[in-house]
Structures are given as C-alpha cells and as structure tokens.
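Data block below; observations after.
For clarity, chains are labelled A, B, C and D in written order, and residue numbers in each chain start from 1.
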Amino acid sequence: MSRYKRFKQRVYEVLEVAKPDDKLSRAVDIILMSLILLNVVLIIAGTFELPKTAIKVFSIIENISVAVFTVEYILRLWTSDLKFAELHPFRARLRYVRTFAAIIDLVSLLPSYIPAMSSNFMVLRMFRVLRLLRVFKLNRYTHALKDIGEVFKRKAGQLISSMLVVSFLMIIAAVLMYDAEHEAQPEIFDNALSGMWWAIATLTTVGYGDIYPVTVVGKIMSAIIALLGIGLVAVPTGIISAGFTEQIEKKKAETKNTEDEKTFCPYCGHKLDK
Amino acid sequence: MSRYKRFKQRVYEVLEVAKPDDKLSRAVDIILMSLILLNVVLIIAGTFELPKTAIKVFSIIENISVAVFTVEYILRLWTSDLKFAELHPFRARLRYVRTFAAIIDLVSLLPSYIPAMSSNFMVLRMFRVLRLLRVFKLNRYTHALKDIGEVFKRKAGQLISSMLVVSFLMIIAAVLMYDAEHEAQPEIFDNALSGMWWAIATLTTVGYGDIYPVTVVGKIMSAIIALLGIGLVAVPTGIISAGFTEQIEKKKAETKNTEDEKTFCPYCGHKLDK
Amino acid sequence: MSRYKRFKQRVYEVLEVAKPDDKLSRAVDIILMSLILLNVVLIIAGTFELPKTAIKVFSIIENISVAVFTVEYILRLWTSDLKFAELHPFRARLRYVRTFAAIIDLVSLLPSYIPAMSSNFMVLRMFRVLRLLRVFKLNRYTHALKDIGEVFKRKAGQLISSMLVVSFLMIIAAVLMYDAEHEAQPEIFDNALSGMWWAIATLTTVGYGDIYPVTVVGKIMSAIIALLGIGLVAVPTGIISAGFTEQIEKKKAETKNTEDEKTFCPYCGHKLDK
Amino acid sequence: MSRYKRFKQRVYEVLEVAKPDDKLSRAVDIILMSLILLNVVLIIAGTFELPKTAIKVFSIIENISVAVFTVEYILRLWTSDLKFAELHPFRARLRYVRTFAAIIDLVSLLPSYIPAMSSNFMVLRMFRVLRLLRVFKLNRYTHALKDIGEVFKRKAGQLISSMLVVSFLMIIAAVLMYDAEHEAQPEIFDNALSGMWWAIATLTTVGYGDIYPVTVVGKIMSAIIALLGIGLVAVPTGIISAGFTEQIEKKKAETKNTEDEKTFCPYCGHKLDK
C-alpha cells in the first residue's frame, strides 16, 4: 500500500472507531464529543444577557468549532470511498453526502458560512438550534440505542395504530370540550384548537392548569378522557415492554440454536443426528 | 357472469380492498380517507370566527362530502349481499345496516338531510361531532389495531377488575376529601362530586391545580391517594404488557407447531412419527 | 335431610353463589349489589344541599338498606357452620365473625344502630364512609381480582423494597427542598412537611402547582427528583408487568404438565415411560 | 477459642445478622433501625418552630443517637477482620473503612463531633441531611432490593441510552421554546434554562403550571414534546419490565437445570446419561 493510501486508511479508522484499543481514535472521539457538548452549552448560555468579554470568548470558541467540524466533514467525505468500498469513489461520496449524519453535519455548518443566515431573525435562529442535532452524532458511537430503535421498528405498526386511536380521541375530546365549555369560558375555550390543547395536556397527564373545565358536563367528559389517558400510557408501554421481552427471547434463542447445532439435545442428552 | 353481476362484484371489491395490487380500490380508499380527514379539519375550523368566503367554501366542501358519503353508503348497501353471501339478499342488507360501521355512516349523514338538526343548538351540534366517528372507518383498513383489541379483549376481566378497585378508591377518596376540606374551602370542595373531580385529577396524575387540599389531614390523605395513583397506572400497564408478551408467545408457538409437524424434533433430532 | 336442614342449605347456596344456573342466587346477588351501589350514591348525594322531601326519601332507603343488610348478616352468620363444615358450629360462627368480609359488614351496620354515632361530628361521619367498604363485597363475586392480588402478593418483597427507596428519596427531597426554598418562599415552604408535600406531588407527577421551587438550586434539585419520579413509576410497573407475565407462564406450564403426564412427548412424539 | 475471641465472634454475629433464630442480633437490628427512623423524624421536626422543652428533648435524643452510632461504628471496625478474614487485620480495617456503608456512617457522625459544622449555615445544614443516608443501612437488611439493583445493572446500557435521547430532546425543546415564547413572555421564558425547566416539567408530566406556552407555535411544539414525554415513560418502563421478566426466566432456568441433572428428560422421559 502506498504511503498516501495508508494515511487515508488511518484517517478513516480514526474517524470511524476501528478497534477498541486504538487510542488516537478514542482521543479524537472524545475531543469531538466534548466540542459538541460545549457548543450545546454555548447555545444555552447565548440566551442569557452576557458581558462583552463573554460574547468575544463565545465567538472565538464558535469559530474554532466551525473550523474543526468543517475539517471533520471534509475528512469524512474524503474517506467515504473506503466506507462504501463496493461503490465507485465518486458515487461513494454522493452516497455519503446523503447519509443522515452527513446531512446533519452540513446543515449544522452552513449558517456559519452564509452571513445572511447569522442575522438575528426568529426563523434564522432556528438554524442555530439545528446545530444541536450534532448530539445525534453520539448515536454513531453508542450501540445500545440500536436495541431500542429495533424494538420501535418491530412494533411500529402497533405503536402507530395506538397513536391513531389517541389522535381520534383527542379530536373528539377537543370538539366536545369546546361545545361544553365555550359558553362558560369563551376566552379560554375560544375555539376547537383550545380544546385540542386541553386534550393534549390532559391525555398526557401534564395538566398545567391554564385550561380546565368548569361546567359539570365538561368535568364529567374530562374525567372520562383523563381515565382514558391512563390507557394512552398503558398501551404503548405494554407494546414496548413486550417488544423488549421478545428481543431478549430472540437473542437467547439465537445463542441456544448455535449451541444446539454443535453438541447434544439439551433435554435428554442424546447425540444429535445433524 | 352477467355484465351487471361483474360490475357489482367490481364495486364490492373496490370498496372492500380486495387485493393489494388493485389500484382503483387503493385510490378510492385514499380519496375517502382524505375526505374524512378534510371533514375533521372543517369541524375544527368551524369553531373559529371565519370570513364569509370561508363559510361559503366550507359549505360547498360539506355538500360534496355528504354526496360522496351518501353514494358510498348506497353502494355498500347494494353490494352487502356479496359480503354476507350466505344470507338471503334482503337479510344481508338488514344485517349490513346493523353493523357498527354502517350505523356510524348513517348517523354521520342524517343531520345533513334533516334541516331541523342543522340548527345551532348545543345538543344538535353534538351530531356534528359524531361525524368524526367516520375516522373509525380507518379501523377497517388497518390490521394492527386488531392485535391491540385482542389483548384488551383477552385481559378484559383483569382490566375491569382493576378499574373496579380504582372506582372504589375514587369514591372513598371523594367522600374523605370532602369531609376533610369542606370546612376549610367550602366553595371549592362544595360537595362529594368536587371530591370526585379532585380524586380523578389526582389518581390520573393530571393535577390541574384548580382543586387541591390545604388542611394537614387533607394533604396526608391526598399523599396516600396520589401514591396509590401510581398503582393505578402500574396495574393496567402490567396487565396489558403481559397480554402483549403472551400474544407474541402464542404467535411464535403457532409458527413453531406448523414447522414441527413437517420435519424433526428440534430438541433431540429424532424423526417425528406423524 | 330434614326440611330445616334443606332450607338452611338452600339459604347458604343462595348467599354464596353455588352454581351458575341458580337463578334465585343470581337475583339475590344483583339486588344486594344494587343496594350497595344505591347507598354509595346516597352518601355522595348527602353532601349536596337537599330539599326536605329528598332527605325523607333518603332516610327511608337508608332504613330499608340497613334492614336488608342486617338480615343478610344474620343469615350468613347462621349458615356459617356450613361454610366451615370441619369446625364445631360455635367455632365456625366465631371464625366467620372474624373474616374480613364479616368485619366490614358489621362495622358498616353499627353506626345505624348506635344513635350516638349518627350525630353530625366530623369523626363520626367517617363511619358513614366506612359503609362504602361494602363495595368490597363485590370482591366476593369477582374472581379476576384474585389474579391481580396474587401478583401483588408474589411481588410484595420487591414492591415494598422499591417503596422503601421511594420513601427515602422523598425524605431526602423534602429536607433538601426545605433548605433550598425556605428563605425564598418562607410561607410556602414553611417546614420539611411542606417539602414532603412537594416531593409527593412531584414524584407522582401530579404537580398541582400550589407549591414549586423558584430558586435556581431548588429548580435543579426539583429537575433531578422529577426525573427520578419517572423511575418511581417505571419500577413498580416493571415488577407488576413481569409478575403478570410470570403468572401466564405458570398457568400455561400447569396446563402443559397435566397434558404431558397423560400422553406423549410434545416434541418428538415418543411415548412417555411414566 | 479464647474468651476474647469468642466474645468478638459473638459481637460480629450480632451486628451482621448471622442466623434467623439469633434473638439478640434481631433485637439489636430493630433498636438500630428504630433509632435511625427516630433521627429522620427529628430532622423533619427540627424544621418546625419548636418550644424550648422540645428542643432540649431533641438534643438529648440526638446525643444518645450519636453515642450509639459511634459505638456501633467502633464495634464494626473492631470486628471487620472477621468480615474480611482473608486479609491482614490492618488491611481488613482499611478495607472496611472504604465500604459504602462505613463511609455513610462516618460522614453521618462527623458533623456532631466537629462544632464548627453544627453552626447554622446553609451549606453545613446539608450535612444533617446526609445523616438520612443512614436509612440506606436498611439496604443491608433487605435482600429484595438486590433483584431491583440487578435489573438496573443489566439494563444500564439501554437505560442510559434512552436517558441520552431524553436529554437531547430536552435541550432541543428548551431552546425551541425559548425562541417561541421569549417575546410573548419575556419574564417567564427569560432564558434557555427556563425553557429547560419547562421541558422537564412537561416531559415528566409534572406540569406545575408556573410556566407554559401561550403562543400558537409554542403550544404546537409543547404538544409534540408532551406526546414524546409519554415515550419517555414508556421506554424505561418497557426496558425495566423486560429486565424483570428476564430475571424470572433466568431463576426458573437455573432451578430447572439443577433438577434436570438429577433425573429424567422432562420432555420424553428418557433417562439422562449424566
């Protein structure tokens, strides 16, 4: 392998966490994660009224971060033909650019390079928040999230179905509560969307207390809906619970099957014919 | 088959989603579902103060919807002898009319045809809300809801029992809290129903904050009831969880049994006699 | 059997629900349950300001109820030697009197017979509430509650342990929040019991909004405690969930074992040696 | 064994609960636990305004408690070479001093011996709260907590992952809500930390009602976040549920394995070769 290729291979390994004993790779990971977390802290701190010195320090850290993340993005793009080795180098890059992680990286960086985007308007400030999506890079490093994601994927059908029922219940509740309470509290229950806001606060059991029924009809309906709200929590929890139990069983079955193939019947000790 | 019969058969297939590759049936489904959702949006929008043009547009959409749903109802009625093929055509229709879906369809349509019902009174407005039940038509198209429904049916006994205990707890709590708080807050805890309203808000952990104990006795009782409220969530969740796990086991057992019949004992490798 | 014995046997069967096709027994059950529920309604209605006629009607229903429940109690006492057939008749009665159901029945009836207890004082009114415990008679008729009770019994150790941890967390939270908030809100966080009241409202996620932290330290501690509150719900729910799953497995295993004993190995079809 | 050694052995047994029929050991346990609970009550009572006599009585109980717990600490230290019999006596003591229980004991006692620490300053009062950690001594006596702890340990990866997702969601929510609500309620949503406080109150479904959105954008975002909050409860509950079910399965498997080794194949009745 040429020195260039070896260097590229090394860069790729360092960025993608090749082996657990690769100290440089670990160090780079930790630095990048720290920088991500520092940026999150800066965004929160940026909403406070700050002295001028702090703003200057923030600006410097901001610029360093942007530089580091830009270099990271370019390096990842450069080594992406090693990641998608089966593709043509150019296609590999195109494919990398379209991965979820790369899109987040790019969108997080763009507002820093386009001055018009860094002005102070409400809509543009949202872009700064998007930078927080860098936190999802942590996803790349942790494997336990996969198990959770798998359960959600396998149970997606049932979870979406239960969400459909909940949505239906919310709409019914919103309109019914508007009808029941509009006359008594015309300013609080001013339209069906207020009813919807009430329904969400009640069904999720948050209950801020900014909106609640005062009429007897409203209270009775509210009681029924609140009790159904328990079901709202119980059903997804039950589905997810069963999903995790199923996953454990599956992993156990897989381990067992590979063991079975090797030796004996685990029940009576007879040698297996296979 | 005569041309008439073939046409009727086709209409039936289109309305009831015969095969996954039946594009016309899919299109009709999507149109009907969109119209149902549009109607839901209109009901919510109708609670806002609207300009005259909007009201006119709404009225037109309303009329089109009623026309479409009426045609749908008639077509379903007409083809219901294909659905209940084992019955006499007339009895098949009578049976269809009494299905849950058909009743919802009819009740949703009626207020649009009977002018007296479309006046602005409170009670009659409830009929408009009932139209939302059309959303349950979605039920007809999604099969994952069945799994959830099955778990609820199988666990109905335990769920109802736990609800009984909860009801008992609520009544006890309502009267106890009335006794404890009536003197201190005569206007808020004015009778045992206020106590019940408090008990529901507390046991479901909604806690709006419109009604809460101020006396020491009331607070101690409230604390005990709130802690029991956790049990209120835990028990149905536990029951439903176990139900979903049971269902997964059952489905696995069914798949396994059919596999077992075919080949070998999965445990000791002996050929099966069957 | 003498006529007297046959009559006594019949009374016992009617009260204790002998066979599902025993119509008289069912009727008596329904009448007693209805009377219990009617009494519950009366207690709630009694907290409203009522016209004189209503009070008179209530008093009549009250007296009839007391008469019916007294007769029921005497009949149950009389037939209790059939219930505990293995005991000496006198000991059987003594045993019956000490059953949970009999104690509830007696305590529910006593205040109606002792005039001093029916006066209007706060403490004595509690006795009226106790009459509500008659609702637990429903327990006698429903068997699904047993399953729930069994799960709680089997998991008692773990549930109590988790409650211990919660209690510890509450006490810590109560004192910490008192220390953090007492100076800022001396009237709301006036002592550690206020802190406890806050801890319960927060950990159970009720959150009335009558007491909450305003200082930064208090808010940070509150945030940590609220997040732990999720664990508070998750642990008992998890324990109960696993308990219900275990119960289902056990019942399945029992059914299977009895089947196994009879015939063949369910896995390879070999005849069993036993 | 010398008399000294026998006495030491006895002290060790009494403190560490050797056998269930050891009455002295049980008595000492109960006395120590009662004293711990009494101290907890005193700390709470100490936040009330008390008459002088009460303060004197409290001070006496305080001193007795400190004396008893000091003796207990010394005795445990003295007998710790029996606990860690495999170590050199001096190393055994060093090891005991570093156990979690011993650290708690020492930290609980220190403020009573160092006068400067018993003054009335905020920071030092925290030490008094730490004494509450003595409650965790109960941990030593209850074994059911272990099962719960084991589940948490085995599921730590998944639980931490889900907490990471929640934290991410909270930060996103905090900044978004600050952006949405800051202009409308500049005093309530004064910075992103207020947004965080709102996010925690909403995601844990506590909802005190001291902070909630008033703008349409804020309410829509709040609704989405509150619905995600259900997932926040559902995921850890599901993980813990599955963990408890797994634990039950494991224990059953262990029991079964030991039984299997002894006799026959439970499935086909063949005698086992082992």
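What we mean here is this: contacts are C-beta pairs under 8 Å (C-beta built on N, C-alpha and C of every residue); 3 or more make two chains touch, one makes a residue touch a chain.
What you see is a predicted model; the values in this text were computed from it and never measured.
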{"item": "Fraction-based call for chain C against chain B, same above half, different below", "value": "different"}
{"item": "Winner on C-beta contact pairs when C-D is weighed against A-C", "value": "C-D"}
{"item": "Length of the line joining the C-alpha centres of chain C and chain D, rounded to whole Å", "value": "30"}
{"item": "Intercentroid distance (Cα basis), chain C paired with chain A, Å", "value": "42"}
{"item": "Overlap residues in chain B, where contacts from two or more other chains coincide", "value": "193, 196, 201, 205-209, 233, 237-238, 241, 243, 245, 264, 266-268, 270"}
{"item": "Residues of chain D that touch chain B when the two form their complex", "value": "205, 207-209, 237-238, 241, 245, 267-268"}
{"item": "Interfacial residue positions of chain D with respect to chain A in the complex", "value": "157-158, 160-162, 164-165, 168, 171-172, 174-176, 178-179, 182, 191-193, 195-196, 201-202, 205-209, 212, 216, 219, 222-223, 226-227, 229-231, 233-235, 237-239, 241-242, 245-246, 260, 264-268, 270, 272-274"}
{"item": "For the chain B and chain A complex, residues of the former touching the latter", "value": "40, 43-48, 122, 125-126, 128-129, 132, 135-136, 138, 142, 144-145, 147-148, 151, 193, 196-197, 200-201, 204-210, 232-233, 236-237, 240-241, 243-245, 247-248, 264, 266-270"}
